[in-house]
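Same chain, two partners: chain A is paired with chain B first, then with chain C.
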Partner chain A sequence: MKHLKATTFLIAAALAAPLAAQQEGGRLDIVVQPEPPGLMLGLVQNGPTQLVAGDIYEGLLRYDTELQPMPGLAESWEISDDGLTYTFKLHEGVKWHDGEDFTADDVVFSASTFLPETHARLRASLAYVDSVTAPDPLTVVFKLKEPFGPFISVFEAATMPMIPQHIYEGTDFATNEANNTPIGTGPFQFEEWVKGSYIHLVKNEDYYIDGLPYLDEVYYRVIPDAASRAVAFETGEVDVLPGGSVENWDIKRLSEMEGVCSTTEGWEFFAPLAWMWLNNREGPTSDVRFRQAVMYAMDREFMRDVVWNGFGKVPTGPVSSKTNFYSDEVTIYDYDPEKAEALLEEMGYDGEPVRILPLPYGETWQRWAEAVRQNLSEVGIEVEIDSADVAGWNEKTSQWDYDMAFTYLYQYGDPALGVSRNYTADRIEKGSPWNNVEGYENPELDEKWFAAATMADTEAREQAYAEIQKEIVDDVPVAWMLELEFPTLYRCNVKDLVTTGIGVNDGPRNAWIEE
Partner chain B sequence: MSFWTRFRTNIGAMVGVVLLIAVIAIAVFAPLIFANDPWQMVQRPFLPPFSREDLLLGTDTLGRDVAAQLAYGARVSLLVGLVSTLVALLIGVPLGALAGFYGGLVDEGAMRFTEFFQTIPNFALAIVLVAIFEPTLSSITLAIAIVSWPPVARLVRAEVMSVRKREFVDAAMLAGLTKRRILVRQVLPNTLSPIIVMASLMVATAILLESSLSFLGLGDPNAMSWGYMIGAARTVIRSAWWLSFFPGVAIIITVLALNLIGEGLNDALNPHLSRRKGRA
Partner chain C sequence: MSVLAIIVSRLAKAALTLLAIAVLNFCLLHAAPGDPAVVLAGEAGAADEQMIAQLRERFGLDQPFGVQLWKYVSGVAMLDLGYSFRQGAPVIDLIADRLPATLLLTGVAFVISLVCGIALGVAAAARVGKPQDSLLTTFALLFYATPLYWAALMAVLVFSVWLGWLPGFGYETVGAGYTGWARVIDIAKHLVLPALTLGLFFMAVYMRMTRASMLEVSNADFVKTGRAKGLSDKVIRRRHILRNAILPVVTLAGLQAGQLIGGAVLTETVFAWPGIGRLMFESLAARDYNTILGVFLVSAAMVILFNIVTDIVYRLVDPRIGARA
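And then the complex of A and B:
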């Protein structure tokens, strides 16, 4: 762990060192889609909020595209050899946007008072925390009850945003008026929000790193229609289209325009993985041979090329290749219809029809379901496509009323944070579409998941997760479809926009515009 | 002049008949003309039309044969159009006939019920119904029938009211026929021609409604239809015009054919009307 820290510190230092060429000033227009419900990152964590509020709020650490931690509000950190004590040294001279000093007390307040109440995803990780203390104004110590491997990955801005104690202490967090005028420590501060039109952020003149940020202001533009967003980018009205803000078919056309650059980086922390829930409880999908047949019957490469215009990577199992502890030493399901037919025959599949529920997120997902139906029908599986709007999809998946259902989820850098939740039996709970919806039960593997999460030693974890992946891939609890890639399109004269594992979310911090 | 002679001389109507027969033939013989299932991915996607002999109209976003999709789409459009019109007639004709023939409270009740449906915009009601039932071919057909029967009921009522005042109805009464027999045997047959004309136009409207629903993503996801094709092609309209163009043309041709036929029927069945029009 000490090694890791030293190298990453070097990388981070290299990234942070200002080069002579960087130019100050200018304005960046970024599309935000859909309009966020709020900007208070401690209360709301959905995608659009993270995109905008990632400039306003900060976490103790930032993560590069290899998911290694870099200094954020903490300039250095240390992990004890037993993996139980995390000590952070905070940056000196950090101020909130309203001029108050940012101190270790704010960290203690955020991690032990505010966020446990409001942030469901972080709460699961904070359960491992015994105490958070501030021995002096620039030092914070997290003591854990038992080692928790992924703990170093929970300090990202949206995962553990720093909340100003002087504004929120003793108030009702959800109704505090300050939620409308968010106060953070970030490189940009909130200026104005014209609902349905734009969110305007301006440069934080007192930012604690000299010279940053380079930009004067950032506008997040709300444009509800996908085609209009594409046009706004073409005409130069906006400079940046973050991943997922235009239809797949448009990305190719727009990225071929002159002066337009694109990158698929900046999503490593989220590593969205798409799969189909296969109902393990009943119907043909409860037979492991049927589930394996589904994997062999699908030409996932073809679907990637045609439905996703070549963006993405066919996954080997439950862990994305971008997430830590990924292993490809597993059974590989290549396109092999004959093998699928043989498996179906062996199980004595009687032609019972199965339903596929697409994700109601637009044409791409509908086409995807049609392609799957076609592949499956070619090996003799009778398929009907179900339809539902977003609310209906939520209802059907969380009440387990489906045979096969598309979904995709973020992995947050570590299997213990974003993968095991979909496969261990303790996460089988009706009412949520994000947990172990397929109903996969394997007590032996459960033990291994739990053990792997609480190992202090990185190498031991690596081995444990490799074992888990090898086993679970043979069981096919769900049909892993694609590691999604959401290319970010931007004008080529915008430099250093995507430098971290969360991409545009904290991109404007280092971005600058070449005249 | 007989009905057929009058109809035959109407050029527009004959064009309509030819077009409609062509569409029906394509729909019926689709499996013989096209070896490919309309959902089957046969070639690379976005193949422009006329670039390959076996794929005349090109391929869609998933590499499926557009021509085959059109042919199979004709089946869905015609089926939904015909069945929903039949169902609408089955609801509208008896209701209108009863209201017009018996009058009084029956009439009041039936007409208030009809108005209740007429006050809600057709398309909005159809959307709500399909959304509640979940989109399948039968729920879409039923929804279209439910929003299109009220005009039928009102038309039949008016016709029956005027026919029942005629002398031959009085004569039938005097001859001792039961009221029900008079309504079914004497009155209704005399109201047939406007109903036929209206039905032909209703098929056209139903096809449009089905296409609009599919366009909005409320079509049966397991049935290939023209509206579905256009809806799916909407996002790529700038790079692949043919995906929305051909099904659009198909809809225009079919709806136009039905309207021409309806017009022709109207003229042929009401010679007075058409002669008047001819003189003016």
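And then the complex of A and C:
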């Protein structure tokens, strides 16, 4: 109940924001786990880096919890009727942390020189871009080769961070000395990083929005053990536990503490969806009836309640209910062991054992695999639990050496950005764990995915994705397990921490502490 | 052989041993599944062939195994531990950053455990069979049997969460800006819990060993002779029994001292102590080859160094060893 109250409170706070007297000053201690490998957001985009560097670097746009674009470095934008021209008006008077002016040339450099070389996820979207130009220092124009529906969703800080041209032009980006002292335009600037202990950011006094940020400084604290992180929050060492930084069974206890609030908001843009890859190439999992049987055999609601302590939502298919173009008009796989047994009998399943590879991200995932084994063994499927550390997991999945393997992925607001990459045949490539690892091939559906991505009309896209979801759910290329929810825990006197669809990543921008 | 000659010959052997260790570690590590490019690509949340190929090329992983090995080993021979591509810094800097914290923690724990362990062992042996002895041995057994990890968490819970006496995490108060003595005291406060947790286990080991060894030696003929000629109990215990009984403890302490660098991974993790054990563990998970190899090599050098020191200490404690050699 606690987090319900907190949510209502946050909405109220957001509505009341212009009236409330935000207080200046103060320091926020936030847990970052694990320690990021680097802070240069154009080079590294893993979760911890996004959390810290999201205060240092900025994108042209930000996104609210409904995934609608909000002004970022661009104060306004316009999309032409044919969906081919995107024009951005930049904020006036924006400066890099080293005092240089931020101009449209930096945008052109970032989008056409730096990021195409370094940013794998953005590269796929930039393939649709014909040209990026700067007609004047405060205007940027993106021209596309063909309409690309989700293009308005690619301007968030970690997707298209703005990179200072004056520092990186003509250098080797990966080894530039400046990577260790990142320079952005954000509300906080880099001060110090004591490896293994903390990262210290301080207020950008020249931030281009008057009055922001309110906080003087932010410390990102590195505490490697999950139980210790919980204790650190309990003792007041840290003020904020971003989603996923403590084990699920600790969340209830901590959120019931005096003066602690929690929210599950701030993950809408990512909408992490967990599933098990079912190897479509070989073994029992190559038979669609076996894959359907797996879906019917699992009590996913129960797993959610027990393994995830009730956090999350059982998904209906490949698109999260938080992502645009979600449709629930699909076959629903309720818990039905008898149906599963019937399917197994129909296919003539011979009892060949299957291996399950859990994600090596802590206890929760291990228990989840055990719960699946329990359910599957009840319908006569023999399961062995495989194990690997992070590197081993990457190796096994990207080399297709598994039968069933847990994973979860961000959706980035649009099926064309975060969903189709796991199901179209052109994304079957060894060596990466972030593509069509299961080896699902359906040429007809591929056509529909491609067509849906390049429609300019939103209603047409809606219809196309509804059709795709309906069809793909019957094929069960992977076993969709859970729309993950990662509650953020924080002291109630920290206000306006989560106000956008990327949550704590750009939270300190508006956050303030009530004395 | 003089002490100097021993040191010279041992150092020469040590250099060869280290080189062999470097080669062996390199081969073992490359045999483990996954490589740093795959891990980095995995963490990025998106990756394509181009990205992984770029990373491999940057890390030098696209070259034949033999070439990589040769490059690494010839680098090590020139005292160059290489570059950590993951962290964007030379390995030697990363290690130098983390080494002082670890040495402080393990050094203090080592001294506490050795001094208290021997003292308690002697005390227990002197009162063998009495209640004090049973009490001491029971506690030693308890400390010995308690998993370090659990003991650490309980210590934090009791002294930090409930009582609020001592800080439970970290190396110093973050952002307090202490200097001079204030900083020393601050660090010392942070050191208490991890050093005690780490030290208790070894204290138990030393105590049990000292006690057993003392009891064994106290039945020896020369002890009876000493008593017969009227020496006091104190003198016998200190000069005759302890001096002979301490040899196995020195051996064990020498072994443990060699592990001072690598042996504190758990303690450093629970207490968020920014030491080298964590650096090693995290680098291993990320397959940051050069960093792990660097830490391994430094730890190996420590082991060899302490073996030499132990040999010398033997001679000081028991002059007969030098005479026989």
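The rule is short, and it goes like this: the second predicted complex is superposed on the first by the 495 of 515 C-alpha atoms of A that agree within 3 Å, B and C clash if a C-alpha of one lies under 4 Å from a C-alpha of the other, contacts with A are read in each partner's own complex, and residues count from 1 in each chain.
As a working rule, contacts are C-beta pairs under 8 Å (C-beta built on N, C-alpha and C of every residue); 3 or more make two chains touch, one makes a residue touch a chain.
From a predicted model like this one, the values you see are computed outputs, not experimental measurements.
Enquirer: Identify the partner contact of A:226: answer first if only chain B is touched, second if only chain C is, both if each is, neither if none is.
Expert: Only chain B is touched by A:226; chain C is not.
Enquirer: Tell me which partner A:366 touches in the superposition: chain B (first), chain C (second), both or neither.
Expert: So A:366 only meets chain B here.
Enquirer: May I ask you to decide whether A:179 touches chain B, chain C, both, or neither, giving the answer as first, second, both or neither?
Expert: second
Enquirer: Please work out whether A:409 is in contact with chain B alone, chain C alone, both, or neither, and reply first, second, both or neither.
Expert: After superposition on chain A, A:409 lies in contact with chain C alone.
Enquirer: Classify the contacts of A:196 with the two partner chains as first (chain B alone), second (chain C alone), both, or neither.
Expert: A:196 sits against chain C, while chain B stays out of touch.
Enquirer: First (chain B), second (chain C), both or neither: which does A:249 touch?
Expert: The answer is first: A:249 touches chain B but not chain C.
Enquirer: Which holds for A:212: it touches chain B only (first), chain C only (second), both, or neither?
Expert: Once the two structures are laid over each other on A, A:212 reaches no partner at all.
Enquirer: Check whether chain B or chain C contacts more residues of chain A in the superposed model.
Expert: C
Enquirer: Which chain A residues contact chain B in one complex and chain C in the other?
Expert: Residues 227, 389 of chain A touch both chain B and chain C.
Enquirer: Can you tell me which positions in chain C touch chain A when the two form their complex?
Expert: 32-35, 38-52, 58, 86-89, 94, 97-98, 101, 153, 156-157, 160-161, 164, 168-171, 174-175, 269-272, 274-275, 278-279, 282, 285-287
Enquirer: Residues of chain B touching chain A in their complex?
Expert: Touch list, chain B to chain A: 39-41, 45, 61-63, 131, 134-135, 217, 221-222, 232, 234-236, 238-239.
Enquirer: Can you list the chain A residues touching chain B in their complex?
Expert: Going through chain A, the ones touching chain B are 226-227, 247, 249-250, 253, 302, 306-307, 358, 362-363, 366-367, 369-371, 373-374, 384-387, 389.
Enquirer: Where on chain A does chain C make contact in their complex?
Expert: So the residues of chain A in touch with chain C come to 27, 29, 34-35, 37-38, 44-47, 120-121, 123-124, 174-175, 179-180, 194-198, 200, 217, 219, 221-225, 227-228, 231-232, 234-235, 237, 388-396, 398, 409-410, 421, 429, 431-435.
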